[in-house]
Amino acid sequence: MMRFIHRLASPKYFYDVAGRIVPWAGWGALILILVGAYWGLVEAPADYQQGDSFRIIYVHVPAAWMSLFIYVVMAAAGAIGLVWRIKLAEIIAIASAPIGASFTFLALVTGSLWGKPMWGTWWVWDARLTSELILLFLYLGVMALYGAVEDKRMASRAAAILAIVGVVNIPIIHYSVEWWNTLHQGPTVTKLDKPSIAPEMLWPLLIMAVGFQLYYVATVLMRARVELLERERNSRWVQELVQPR
Amino acid sequence: MSALSTPRAMALLLRRDLLLAYRRRAELINPLLFFVLIATLFPLGVGADSRLLQTAGPGIVWVAALLAALLSLDSVFRSDFEDGTLEQLMLSAHPVSLLVLAKVFAHWLVTGVPLILVSPLIGVLLSIPSRAMPVLVASLALGTPVLSLIGAVGVALTVGLRRAGIILSLLVLPLYVPVLIFASSAVDAASSGLPVGPQLYILAAMLVAAVSLAPVAAAASLRVSLS
Amino acid sequence: MSALSTPRAMALLLRRDLLLAYRRRAELINPLLFFVLIATLFPLGVGADSRLLQTAGPGIVWVAALLAALLSLDSVFRSDFEDGTLEQLMLSAHPVSLLVLAKVFAHWLVTGVPLILVSPLIGVLLSIPSRAMPVLVASLALGTPVLSLIGAVGVALTVGLRRAGIILSLLVLPLYVPVLIFASSAVDAASSGLPVGPQLYILAAMLVAAVSLAPVAAAASLRVSLS
Amino acid sequence: MVRTFDPNLSLEAADLACIRDDRVLFEHLGFTLATGELLMLEGRNGSGKTSLLRILCSIRLPDAGAVWWCGEEVQRLGPDYHEQLSYVGHKDGIKQDLTPEENLRMARALGRPSPELDIPEALELFGLYGFEDVPTRTLSAGQQRRVALARLVATEAPLWILDEPFTSLDRDGIGVFESVMETHLERGGMIVMTTHHRVALEGERVKRINLTA
Amino acid sequence: MVRTFDPNLSLEAADLACIRDDRVLFEHLGFTLATGELLMLEGRNGSGKTSLLRILCSIRLPDAGAVWWCGEEVQRLGPDYHEQLSYVGHKDGIKQDLTPEENLRMARALGRPSPELDIPEALELFGLYGFEDVPTRTLSAGQQRRVALARLVATEAPLWILDEPFTSLDRDGIGVFESVMETHLERGGMIVMTTHHRVALEGERVKRINLTA
């Protein structure tokens, strides 16, 4: 097991493995998202209260979940990179930031599109919405800090520290609907015992969620490979790789 | 002769920073002045409708406090970085996180405490009811150290960057938001005669967390920024 | 070869400052973000009552603009002072006041213009009615250059006098107040459907006065600060 | 043909005094410098060399006396005097975020561009070939100093005022800069400088003022 | 009786590498320094001397290799290693608003106070008598450098790491500091330094590494 981890941490091995995973994850994501979208947007029954506007749930909820999930991954990878000085972890962390920021943005946009018919306004300053907006700023902060530091090794370590500090925001987002009584929907899907949602609605939602996951895996590995090539451009294996054979 | 004990070194560092602040005593009242100016600019910009002011009052005081803290943050490490004394701190015989704690404490004494002292006056200017004043002071007393502590991490991360002033605010302001929300909601609640215990407890918990975590994070950030 | 013509030197200086800003393009959007952050902090602190926001909106936008200008001001001369390039400017073959004008113009392009462009968005967040948007934009277009110009004088004074931090706040913010008052009253008037001509004319007059006087004052202050 | 400067130029100072915190650094100091001459200011740390140079540049006002350029008081000449001089102080006076090339371009915009050397040549002369387009902040202390000195040859000013120009330079760098000064004097330029190093320039054209004495 | 340092101290480095912006500044660099020895780093501007010194201080991480103090890796020793060293870099590391005396007091708080010299004596040694209680900002460049160097003798650390300590010093100042280094080595101290000046210390105890080669 340790040997496997050690091998995976070697840049060249990671580069090859990631290269093989990317197409699988990419195609998987595409198929699942298409299936989920068809099922959700066309097949699933309309909600008895909200009519068709509820269908935005199939984008909003997975995107919102991803925005939280990716942040945790980023902070964890950052911490690993910081403590054990593993270059790959640093790269994964920094490659995640823009993806996470886009999902956050997507969650915000779909949420406020949904808010207009539901609450009659694009935006209210309630706890969940505010904390999600803060999440966007945190992502932007991580990216800005990374961009501002010249030496990329230092930059990723600085960005990692910021990401770790920002983790406090995650439980706030998640529990905000319970801690404060807010306009936003309480937990519907993620209640442990029994989800209070019809199974015909749940399945496409879960398929979309898995599709988004695979999309993340594919893009983060792609970004990580690029970043890796750039950082290791002087090493022997990269030189051999780009040498025309 | 062996090295001084760490608490003694911290005390000396605190003394040094206070001395430096005293040497620049004309600048000392700057954050304070800024605080007062913002709090008075708002009525000018917003118009002097006193019912409006009363609702907005606690928010304005707290936003002003937050910006005053933000503006004075730079002084925590910036000048030490520029003249090379920060390197000397990092190479000292004591744990860096404790030295950072001493520096942050000095910063709070110089910028936070005056705000607390002058806040009742501002409260009057913004027609905050007098029964809410003790809560206003208490929320500032619990909240401003948190601002200094979180800010120190941000400054430590950006100290190597030129013109970091604004990137700093991008990093730090999101983390300030919870403090702002709980503190101003405490004052709001007090103005309406509601209990304020929960909010103040949460602020106290934030303070404890910040005191124990922020110095470590700031020390790690400094190590990254300097190398 | 003889010296370049002064307009050409100004153009080159402008280009240099824009280039410097571009080099730090990650930081370029920062005054903007700061502006957005402040404008969002207020609803958080004040509470989300939309009627309240609507009355306070123009004031908040303008106070945010003013603070964003104030915070970014330092970059006009401070870093030039610290690395010695300001000395080189003072020793150049061209009138210093015109070089100052070029630098201030660069500052405005980098910090003021983005604010103007993004202000409608902030207006929406703060529920400013859409008929007042053009006036909001116009007031910012006339007002932000004045902020940069007045600020430049303040910074020119503070850059050398070590303890002049106080002068910056004392001198600059009060001078900003008229801009703030006329601009936010223009937006207020527009929201209520009243004519806004007088306020905008006054802002324009301020702009003309500032363009002609501030560079000279700033140049003189720099000369004092450096010796 | 090597261009030469107008042979009638002159820098004169009379009765200069500088007082800092009640301490008289120097008094009744005067000199005349003609084309092709070098004035070497000597003196211990804290004897007032930097203060004197800043007075000669007209950045600082003297506490007594005055400085004349070609017979006119420098305070009154203003930009016309500044056009004639290049100053390299203790601080390098370069922007860390710009590349050496951009820094020199700016210097040429503020002064008079040199008709002989363009920017790449000036950088090459100071051994900065290959570094012309990286941000100056990533250069070493000595390389940054070289950029500051390259400003002197990329612009054309008869009067150079140099405050310890050799700081941080390695031996090669010192050699290069000595020959640059040599050429400048031969072309009829003037130099006022301080240094704690021994300088290879000698002869009649080198005047010395010791501020410690 | 002159106190001496523990004779078993040693500073070792092996296989060090430093890479900046794709350029390998040095690789496979190693040395061992015992008590009483001086390591002189030589090399042209930009050859990586400052970078190496910062790695030795543990301010910067090496891109490969490691540094050991008495057999333990310095990254892991942390403050225990820092207690053993004094660093004077390109920047003076003094607060301009404090007086020289206050600056030294702080240095003694951060490191180990010297049992032999108190603060006035250390300042006197560097010719700063009479300047001990003015703000350091009003001192000249060379006087400020002297304050930074006085830190070395006001504290007691066996290992001195010096980046061009002679910058801005006049000849007197250089002489004084050379004799201070001499004494330090005789007491069993160690020095790692760079300079572009010729230094009067010679003999077996002086090792040299040239980074340009």
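Letters A, B, C, D and E name the chains as they come in the text, with residue numbers starting at 1 for each one.
In this section, a contact is a pair of C-beta atoms (placed from the backbone, for glycine too) under 8 Å apart; a residue touches a chain by one contact, two chains touch by 3 or more.
Please read these numbers as outputs of a predicted model, since none were measured by experiment.
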Target chain E, source chain B, minimum contact steps: 1
Chain pair, C-D or A-C, that carries the greater number of C-beta contacts: C-D
Reference chain D; chain at largest CA-centroid distance: A
Geometric centre distance via CA averages, chain C-chain A, whole Å: 38
Distance between chain centroids, defined by C-alpha means - chain A, chain B (Å): 33
Centroid distance [mean C-alpha coordinates] between chain C and chain B, Å: 26
Contacts with 2+ other chains: residues of chain B: 24, 82, 161-162, 164, 167, 170, 173-174, 177, 181, 227
Residues of chain A touching at least two other chains: 130, 137, 140, 144, 148
Residues of chain E whose C-beta touches two or more other chains: 20, 90
Footprint of chain C on chain B - complex, ascending: 24, 26-27, 29-30, 33-34, 37-38, 41-42, 44-47, 49, 52, 55-56, 58-60, 62-63, 66-67, 71, 82, 161-167, 169-170, 173-174, 177, 180-181, 184, 188
Chain B-touching residues of chain A, taken from the complex the two chains share: 82, 130, 134, 137-138, 140-141, 144-145, 148-149, 154, 157-158, 161-162, 164-166, 168-169, 172
Chain A - residues contacting chain C, complex: 121-126, 130, 133, 137, 140, 144, 147-148
Footprint of chain C on chain D - complex, ascending: 54, 57, 59-61, 79-80, 82-83, 85, 87, 89, 91-98, 102, 105-115, 135, 156
Of all residues in chain C, those that touch chain D in their complex: 1-4, 8-9, 12-13, 16, 19-20, 23-24, 79-80, 83-85, 87-96, 226-227
